[in-house]
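Multiple structures follow.
In the two complexes below, chain A is the common chain; its partner is chain B in one and chain C in the other.
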Partner chain A sequence: MATGPSPWVTSFDYEEKDLKVIGKNPADRSDALEKVTGRARFAADYNLPGQLVGCVLRSPHAHARVLSIDTSAAESLPGVKAVVTRDDFPDLQSEVAAAGELMVNYRDVTRNIMAREKVFYDGHAVAAVAATDRRTAKQALKLIRVDYDVLPHVIDVVEAMQPDAPLLHENQFTAGITPKPDRPSNIATQMTSKLGDVVTGFKQADLVIEREFNTKPIHQGYIEPHACVANYTSGGGGSAEVWASTQGHFVFQAQIAKVLQMDISKVRVNPAELGGGFGGKNTVYLEPLAVLLSKKSGAPVKMKMDRNEVLRATGPTSGTNTKVKIGVTKDGKITAAQAELNYQSGAFPGSALALATMTVFTRYDLKNVLVVGHDVTCNRPKVAAYRAPGAPMIAFAVESVMDELAEGLGMDPIDLRLLNAASEGTKTHMGGTLDRIGYVETLEAAKAHEHLKTPLGPNQGRGIATGYWFTLGNETSGTLNISTDGTAAFIYGTVDVAGGSRTVFAQMIAEELGIALDKVRVIQSDTSSLGFNFTTAGSRGTAAGGTVAVKTCRDAIVRMCEIAARIWDVDVEQVSWKDGHAVPAGANVGEFEPLSVADLAKQASWYGGTIAGHAELNVAGGGPGFGAHLVDVEVDRETGAVKVLRYSIIQDAGKAVFPDYVKAQFHGGAVQGIGMALNEEYIYNDKGIMENAGFLDYRIPVASDVPFIDTTIVEVPSPNHPYGVRGIGEVPIIPPLAAISNAIYDAVGVRMRDHPMSPPKVLKALSGT
Partner chain B sequence: MNNTQYKAPASVEKAIELFSGAEIGGKLLAGGTDLLVQMHSDMIAPALLIDLKKIPQLRAIEKEADGYRIGAAVSGVELMNHTGFCTTWPGVMDGVKLIGSLQVKGRASVGGNICNASPAADSVPPMIAAGALATVVGPDGARIVPVEDIGVAPGRNSLQQGEIVVSFLLPNQLAGSGGAYQRFTPRTEMDIAVVGVAVNLTLDKAGICSHARVAVGAVAEKVLLVKQAGDALIGTRVQDDATDNLVTAVRAACRPIDDKRGTREFRVQVAGVLARRVVATALERAKGSGQNP
Partner chain C sequence: MKRTMKRTMKKTHVSTVINGDEIDFLCDPSQTLLDVLRDELQMTGTKEGCGTGDCGACSVTVDGVLVCSCLVLGVEAEGAEIQTVEGMAGPDGDLHPLQRKFVEHVALQCGICTPGLLIAARSLLANNPDPSEQEVRFGLAGNLCRCTGYHNIIKAVLDAAAEMRSA
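Right after this comes the complex of A and B.
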């Protein structure tokens, strides 16, 4: 199969027009009432008659060979209906597949959901039990005897890269190096991204700054733990139905089928209302176990993780070590930029390294770039995507160095960025050139922001940082059904990961068809009601999903024009669509009253049948988004506590279909970034066991930790989306780490290059000055 | 969770009978904000829950001749709504108000906070600084225990088999008294103290400190009453030298561990910082308090 970007993609050109629905805040958000009244149904809210409860036995070791597993005592416990271990899963060969922004390898997916030869991290699944109730299932877990040969472990990325580090995979030889190394290593891959020649570039520089940064792994912190219900039916060669908490039901369907060696079409996945995912619900954990337990027991099986399991066994993002070097002329023009990125991938290879490597410097117009990255396995859960995977850590490094350069040059940090800003036609180090983008407009709006004019008090400081992220396209499909009363129902195949999809699709459909917003209902598909849809990742929900919504409307409009032509007895070319009505295309066609969607729907039965629209597209990606964050902090010099006083986000949304919701995404991303910056981190003890597997000690921010966040939406339309939409969900998590670090420096004169910027670290840094 | 029985006796006697009775592993339930969490996370599986909230004595807040008496199961919100108690014991209320969220405080009791024996419990340092005395009743009768003697180690208290804390007496203090508590947490709320310091002091008419008690939380296996720290203030005007000595005494008393919640070094350092800050608040409150008996 060919690799790289497909040439067979679809996009619609942006058209400027007067908008009636898009760009306004609808009064009624379709998902809101259900959520605030507790009636929305998340995966754990689904129950089937006669269901069993499934629980997972997890490794207490960070690294160990699994010598034997004895389940006999558990199986004979009354109430236990099925037990599964590695022996129940077929081994799979290396085969890479896309699963959101990161790739997965089925050889590893099967080993991650159920350990085979070794356990690779504290919390790694080794067995699963289905029993009549949770208590029995838990009791059964205690009766399973696992014989481990405990091995030395390694958590830290730099330590894992050392030649004498404990080795996770005996057959892993660093890819991307020629000739092939003769010794195995925890460095799974080395990657390079290059533009021009950095050696020459650095020679032209008057000021060169190189710094090293470290970040700890962090979790997506979705409120809803993973949960699923599975029912396996043996009739018809065996099929399975699954209700799951997922960002990509079609990808889950394919993964379940692959891991259990079933036909994809025999697995049906129903995505439940999603209680947050942020990239962490792009791959299966419990689902194949539940299907297999259901198959073995002959009853439906429900499984849910508790928070401890979520933190110990599901995808955090990488801990990283990065080095960034940037050279500038005395006028502030960047002459060369270089980075070394070392990313933890966890138990199995495949971190966000590839994305980070390609996008390190993309917001700048550079001639000479060299990025070398390493994907490093270590004894932690296999990392999963997390909102702009890999980007916040690298922006931490790049934007901190930019701040130092601005200081060194005596230049305003925004001016330095403006001077080097990427724009339409800029060649990127990931290959290709940028389309129309809004980075300059974003920076100019930041520069004009009132925030910058407010004075600061003692121990207060201000920081700025910027971020860039792309928008994925990929396979997307949808169906629009026009009912006989002229109302519309749209079935979408992405997942409403943030709650706004249903509303924005309805807005686009109302706009296209010229009907009222409340005449559109938007319904989540399962995997049987539409063709394959890629995972809702890479900020593609509104962009790609919206493109499909528009295409289904245009498809239905063609059909409606056909019906109008038949009603009027004219050629279909003589009918055009205007303001929600079929109208004669010109004066010579004849005098006909315009026909509304309702008029046409009423007569459709006679004139050709049901009106519907379909789209199965491979949507073009692109439409990158750029953001600038301004933050004021106050540092308590005696305790090292950093208080965020004020926060402003300026971001290019292309077109904000539902502005309040765009702002909410800005808020959410920034709050996750603030949490990451200040207190979130995985804490391991010397045995490699996670010590803070709960929200008491894994400290995501609470509401009172963040001030009200000001937002400015910049709108530079994306040229290849019908309404100019850019992905907006991921950009806002990128700048906070760097912005806060720069603000701390401005406040108290210490540069924090080790994440998190928690009170003990800040206090220690202060005592060193 | 286990098949747990639930009983809600209406008297202390009945509660003790149930609690000390027989071989069943029983647990006392006040607000349940520690207990139920422990049950849900499979840390404990009691066969019997004895709810104390139906016993009037454990729910009363009363002004007695010797001071304020608060029932062990009185909730945080009940205390917050009691104006008399709040104006008399602002330092204790500093601690109470920090417990969890408003929802948690609607249930959480000072008794539970103390008996749960977490060294980081927020109402414990100010209760110790206040010199609070617990009335403990068991099968062998009643005894009075200073609050500092209840906690022993994380999750372990000094109560004997079958004993229940019924109430706490916060003894009257002289005019010119004031107390305060502060904790350090990385987050603004819904967090657990990395260090907590409480002080309660009295100034005489001349502005000289005649009485001072200092308690420090989360720096040892239990909340510490640091006598030297209080002594550093007594006989002084609570100014620079005295507070420096207090800070030194507080830091010297700390024997924390390095753990996920904070390093040893950080805890010792910040204990001193908070000690200085709480003394400043307590001093202000002492100067502003004329109305105390």
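Right after this comes the complex of A and C.
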């Protein structure tokens, strides 16, 4: 099979035109009414007749060999209908596949959903039970006897990299190093990204700053715990139907089929309304267990995690250790930039290291770059993608160092960034050059922002930081059906991860077809009603999904022009499409009244058949997005508490299809970033057990923690999207860590390089000054 | 047929009024009101985010008092009057001003927190019809939302309060 970037990708050139629907806030959002009335159905809201309840037994140890599992007592408890353990799952060989922004290895997926040789973290699944009710299932879990040989564990990334650290995988030799090392290591991979020559670059510098940063793992924190219902039928060689909380039902389908060695087409996954994912619902946890329990018991099985399980066994993002070194001339031109990234991947290899390595410095126009990264296994849950995976932590480092450089040079921090800003044609260290981007426009809008004119009081400070993220393309399919009354139904196969996709697709379709927005219905597909759709990840929902929506319209327009040609008895070349109507292509074609979608739909049957449009594309990646954040904080010198007083976001959206919704994404991303910066962290005890596995102690921001967030949408259209759209969902989480750290420095003169910037850490830093 | 199994647990009969309707249910003593609503009565509008009283997704009112239904036992609801999100809109489907303002202000994204926030906000406004921004923020601090950053939620509640005052 061919590998590497495919040349067979599709994109549409941006066309500047008058827009009737796109760019205006629609009065209504198709998903909102269901959500405010409680009628929207999330995965845990699905029930099947006769369903059983499934529960998971989880490891109480951070690292242990599983010697034996005795399920006999559990199986004989009345009400228990099935028990599964490692013995029920086929062993799988190493095989890597994409699942959102991160890659997964099926060898590890099967071991992550159900421990085999060893448990690798507190919360690792070791058995699952299906019973008539939850109480019985929970009781059965207590009757399962697992014999563990407890092993030394390692949590911290730097400790895990040491040669004498407890080793998770005896057969793991660091990849990316030649010759192959002769000793196994927790360092799964070493990765390098290079441009020019940093040694020469640093020699040209007048000022060089090098700093080290540490961040703790944090969880995506979606409010909806993972849940699913599965029903296995043995007829026809065995097939399964699953309702799941997922960001990518087609990827779940493939993963379930692989893990259970079923035919992919025999697994049908129905995505439920998603109660938040942020990258954490790109891979299976419960679903294969539920299918297998259903197979064994002969009844449908419903499973849901509680919050403790969500925090202990899913997500989170990597804890990291990073070093960044940047050199500048006295005029502020960067001469060289270097970074070392050490990223936890958790129990199995595969952190966001590759993405982080590629994007460390990508907002700057640099000649000499060297990035070396390590993907490090340790006794924590296997990390999952989290909104711009890997980026906030490295932006924390880069943008903090930029701030120190600006100070050292006596230069305005925005001017320093402008002087070094990437723009169209900039060669990046990840390879390739940038198309038209809006970083300079974003920085200029930040510089002109009236936020910067607000006076600051004592112990108050201001920080700025910027972020960059790409927009993923990938496989996307959709179908448009025009009914005989001229209304349209669009079936999409991405997942509407935050309730905006349905509306923006409808807007694009209304725009393309020239029909009213309320004449378009947008419907979520299951895995059997469309061609493959990759996970909604990498900010691709509106960009890639929208490209497909547009393509289905253009496909239907071809068909409608054909019908018009037949009605008028002219050649199809003599018909063109204008403002939602088939019109004669020129004066010589003849005098014909324009035909609307409704006119054509009414007559379609007689003139050859119904009107539909299809797209099954591998969409090219959309334009990268850039954002700048300005923040004012106040530091309480007594307690170390940091209060966010004012927050402003300036971001290039390419084109905001639904502007209020774009702003809502900015708000949400930034507040997640604020939570990450100030509060959130995984806390482990000396046995490697997570000590804050609940929302009381793992504290995400609440309404009283944050102010209103000011937003400015910059629009520099992406050249590769029909409406200029750039992905916008991920960029807003990138700058907050660094922006807040820079603001704290401005307020009280201490540089925070250890995350989170929680009261004890800030107090400690203050006492050191 | 000969019975071989001994019954270990009997369920309790509970009579309530939910959203104005008389509703009876059977529950075992360990079931929470949230479990009863969702699993026994199929009223899945009320959501579960934590089960430990920390997220507010399960907010309902019991005899007019805002509670986390995951912290109330089903049997405690005997004789109580319960209100859930399913009862917020009028009988002919007219949305409550808070529901309308949530839609208008894009105060929801994924929507899993929305039922709890609407119930909590209605309770807040019943006690304080003219809250300041800070009062709304503190009043809703028990309801977690991971998607919105709260900006549009606060705007929607303030706007709904203004409309309800002038009505």
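To be clear about the criterion, the second predicted complex is superposed on the first by the 768 of 769 C-alpha atoms of A that agree within 3 Å, B and C clash if a C-alpha of one lies under 4 Å from a C-alpha of the other, contacts with A are read in each partner's own complex, and residues count from 1 in each chain.
Criterion: a residue touches a chain if its C-beta (ideal position, glycine included) is under 8 Å from a C-beta of that chain, and two chains touch if they have at least 3 such contacts.
Note that the structure is a prediction, hence the values are computed from the model and not measured.
Asker: Considering only the touch criterion stated at the top, classify A:Arg135 as touching first (chain B), second (chain C), both, or neither.
Answerer: Touch partners of A:Arg135: chain B and chain C.
Asker: So in the superposed three-chain picture, is A:Thr283 touching just chain B, just chain C, both, or none of them (first/second/both/neither)?
Answerer: In the superposed model, A:Thr283 contacts neither chain B nor chain C.
Asker: Let me test your reading of the model: by the given contact rule, A:Ile683 touches which partner, first (chain B), second (chain C), both or neither?
Answerer: first
Asker: Quick one: is A:Val702 in contact with chain B, with chain C, with both, or with neither? Answer first, second, both or neither.
Answerer: Touch partners of A:Val702: chain B and chain C.
Asker: Mind telling me which of the two, chain B or chain C, contacts the most residues of chain A?
Answerer: Larger number of chain A residues touched: C.
Asker: State whether A:Asn692 touches chain B only (first), chain C only (second), both chains, or neither.
Answerer: first
Asker: For A:Leu33 in the superposed arrangement: first (chain B), second (chain C), both or neither?
Answerer: Second partner only.
Asker: When the two structures are overlaid on chain A, which partner does A:Thr712 contact: first (chain B), second (chain C), both, or neither?
Answerer: A:Thr712 contacts neither chain B nor chain C.
Asker: Please indicate which partner A:Leu274 is in contact with in the superposed arrangement: first for chain B, second for chain C, both, or neither.
Answerer: It touches chain C, and chain B stays clear.
Asker: Is A:Thr317 in contact with chain B, with chain C, with both, or with neither (first, second, both, neither)?
Answerer: neither
Asker: Common interface residues of chain A with chain B and chain C?
Answerer: 135, 306, 696, 701-702, 704
Asker: Within their complex, state which residues of chain B touch chain A.
Answerer: 1-2, 41-42, 184, 186-192, 194, 259-263, 265-266, 269-270, 273
Asker: Okay, in this complex, where on chain A does chain B touch?
Answerer: Answer in residue numbers: 135, 138, 306, 308, 638-641, 678-679, 683, 691-692, 696-697, 699, 701-702, 704-705, 758-760, 763-764.
Asker: Touching residues of chain A toward chain C in the complex: what are they?
Answerer: Contact set of chain A toward chain C: 28-29, 31-42, 44-45, 47, 78, 134-135, 220-225, 273-276, 278, 304, 306-307, 497-500, 660-661, 663-665, 667-672, 694-696, 700-704, 706, 708-709.
Asker: Which residues of chain C touch chain A once you look at their complex with the stated criterion?
Answerer: 5, 28, 30, 35, 38, 42-52, 54-55, 57, 84-86, 88-89, 95, 99, 102-103, 105-106, 108-115, 118, 133-134, 136-138, 140-155
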